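Across the two complexes that follow, chain A remains constant while its partner is chain B and subsequently chain C.
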Partner chain A sequence: MATTTAAVTLSSDLLSGSLSVTGSSTFMKAGTTADGLNQMRMGRNEIPTGTSFDLLDATASGVDKANKVYIANLSTDNTYYVIVIIDAKVIGRLYGGDWMFLPWNMDDVTHDLEITAYTGTNTIEWVKFHENETLLTQGD
Partner chain B sequence: MATTATISIASDIMTSFGGISNSMTLTEAGGTQDLKETTGYSRKKLASASKVDLFVMANTSVTSADNVAAKVFIKNIGNGATPSIIAKDKGVKVFINSVELGILYGGDWLMVPVSTVDAEDIEVQPESDDAVVLEYVMFYQ
Partner chain C sequence: MAITASLSLISGANDLVSDALALVTDASLSKAGTTTALANTTGLARKTTTTTDQYTLLYADEFTADKAHKVYIKNTSTVAAEFFTIHIDDEKLGLMYAGDWCLLPWAATDGVKAAFTVTFAATWATADTAVFDGVTIALGATETTAAMAILVAAAKYPNFTATVGGSVVTFTAKDSNDLSLIEEGAASDDYVITTNGNGTGTVARTVTPSASANDIKITPAQTANTIEFMAFYE
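Up next, the complex of A and B:
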């Protein structure tokens, strides 16, 4: 079984008692207990401002399958940001230096994960861990 | 007054993948000032396959706006028993204003930036009636 894990440490001193949270997730295929995600794609893109791009396309074969997505905005100017959108719904703004991690579920084929850059050309890095992706037949 | 989050990803899916390690300090939108507000760390036990609100933006002190910084962390810690049984095949769907983000199976977590516009609530819905406990927090400006 392929093994992929994502660990997080979250620390904060905003409260009078300090907050320290850890977590670790092992990526499994949807609805399984011992069958790890076995496919991945990764990339780095420079996103010009103003246009919404499909970062990850929802596909029929991916509907209700497990996906874990990591996106980091590598822009060094923290006024730069990308808006992350799923199925036309704005999720939030990922500013320069920020990262996000989510279990992206395609509940239908319109559930694309889109991204739009603002202020300047943003550089992002991303990784998707998933299952059940097949190559397109030549000519599709 | 700082809040930091560090992620580490390791995988043997591809032999050439060297892993990811990245840290961020949670700051206000477009600036370097630390986020100063939080909902506090909370815990909720769910035991039915009904959709419930986790964060109601209108009920928080957060400004209703899409241009402020906010980050949400949610973790599925299992059924909350002692010891907690973490079922990797039982999930909780997470939504933003009824649009599904994804499914947190036992042990899974997420950390995402969110809009704090009123009505852009964070909702969750277990896939079954089995008990599941979520821990969650939001940081915002």
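Up next, the complex of A and C:
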């Protein structure tokens, strides 16, 4: 079984007592305990301002699966940000230095994961962990 | 102050891919466009569902729109097949199976809260009443219209806030998802006035509501599902 784990720690001195929240999960295919997500894509893109781009296309084979997506904004200027969108619904702003990690069930083939850069050209890094993807045949 | 979000994505050699994958990163969660840490948190909350209905975890109305808010959500279930779906408004984001967690940026785009005015006029007499949102204002003596407006605005309404200006009270809904429209005019069925003399209260809608399109919701696939969640916000 392919084993990939994602662990997070959120720590802060924001409160009078220390805050330390941890989470850890192993990527499994939807609803299973013995079969890990076995496919991955990753990339790095420079996103110019002013245009909404499809970062990841939704596919019929990925609908209602336990896909996971990591996106980091590698911009070093804190005023730079990208807006992350799924099928025209704005999720939020990822500023320079921020990262996000979300489940993505695609819902249907129109639910692409889109991204728009603001302030300047943003550099992002991303990884998608998934199952069930087949390559498009030549010419598609 | 500082808030640090640390992530590690790990897979061994010849596991998912032939080389080991070790992606480790930290982020300091800061206010939009600055290096100043986000100053607020909801604290870690825990909710156990009892139905497969949709639940709202965070209302966008309660947060400033278009900032650098972050939201952490975790499915604490240990039963592999148990999951819930995360939505932003009506948009499905993904499925969270047992043990899964996520960290999202959140735009928290507000809706528009309904507002209307009531303009009081003529003479308000003893025993006159004004009833709205389950609250009854009953006069114990004759009042001027300005005094009547002050009394009305001073009451605590479950679903609206009220402010006064002269003889006019402005009501604003607390929740933009309240899309009910208040009947206008001097004989409103929603703002009900009963007077013994000639006192009047005329309702006029001033702001048409639109629902928040950015609330964070979950829909469990099974009745009992325990969720932990927390927002850091500015």
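Definition applied: the second predicted complex is superposed on the first by the 140 of 140 C-alpha atoms of A that agree within 3 Å, B and C clash if a C-alpha of one lies under 4 Å from a C-alpha of the other, contacts with A are read in each partner's own complex, and residues count from 1 in each chain.
Rule of thumb we're sticking to: a residue touches a chain if its C-beta (ideal position, glycine included) is under 8 Å from a C-beta of that chain, and two chains touch if they have at least 3 such contacts.
Treat the numbers as computed from the prediction; the structure is a model and nothing was measured.
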| item | value |
| --- | --- |
| Clash-or-fit label for the pair chain B, chain C on chain A | clash |
| Which superposed partner A:98 touches (first chain B, second chain C, both, neither) | both |
| First, second, both or neither for A:49, with chain B first and chain C second | neither |
| Chain A residues contacted in one complex by chain B, in the other by chain C | 2-15, 19, 21, 23-26, 28, 30-33, 37-38, 40, 66-67, 70, 72, 78-79, 81, 84, 86-87, 89-95, 97-105, 107, 111, 127, 129 |
| Contact set on chain A toward chain B in their complex | 2-15, 19, 21, 23-26, 28, 30-34, 37-40, 42, 66-67, 70, 72, 78-79, 81, 84, 86-95, 97-105, 107, 111, 119, 127, 129 |
| Partner chain A, residues of chain C touching it in the complex | 1-12, 15-17, 21, 23, 25, 27-30, 32-35, 37-41, 43-44, 66-70, 72, 74, 80-81, 83, 85-86, 88-89, 91-97, 99-109, 213-214, 230, 232 |
| Partner chain A, residues of chain B touching it in the complex | 1-14, 17, 20, 22, 24-25, 27, 29-32, 35-38, 40-41, 66-67, 69-71, 73, 75, 87-89, 91, 93-94, 96-97, 99-105, 107-115, 120, 135, 137, 139 |
| In the complex with chain C, residue positions of chain A that touch it | 2-15, 19, 21, 23-26, 28, 30-33, 36-38, 40, 64-68, 70, 72, 78-79, 81, 83-84, 86-87, 89-95, 97-105, 107, 111, 127, 129 |
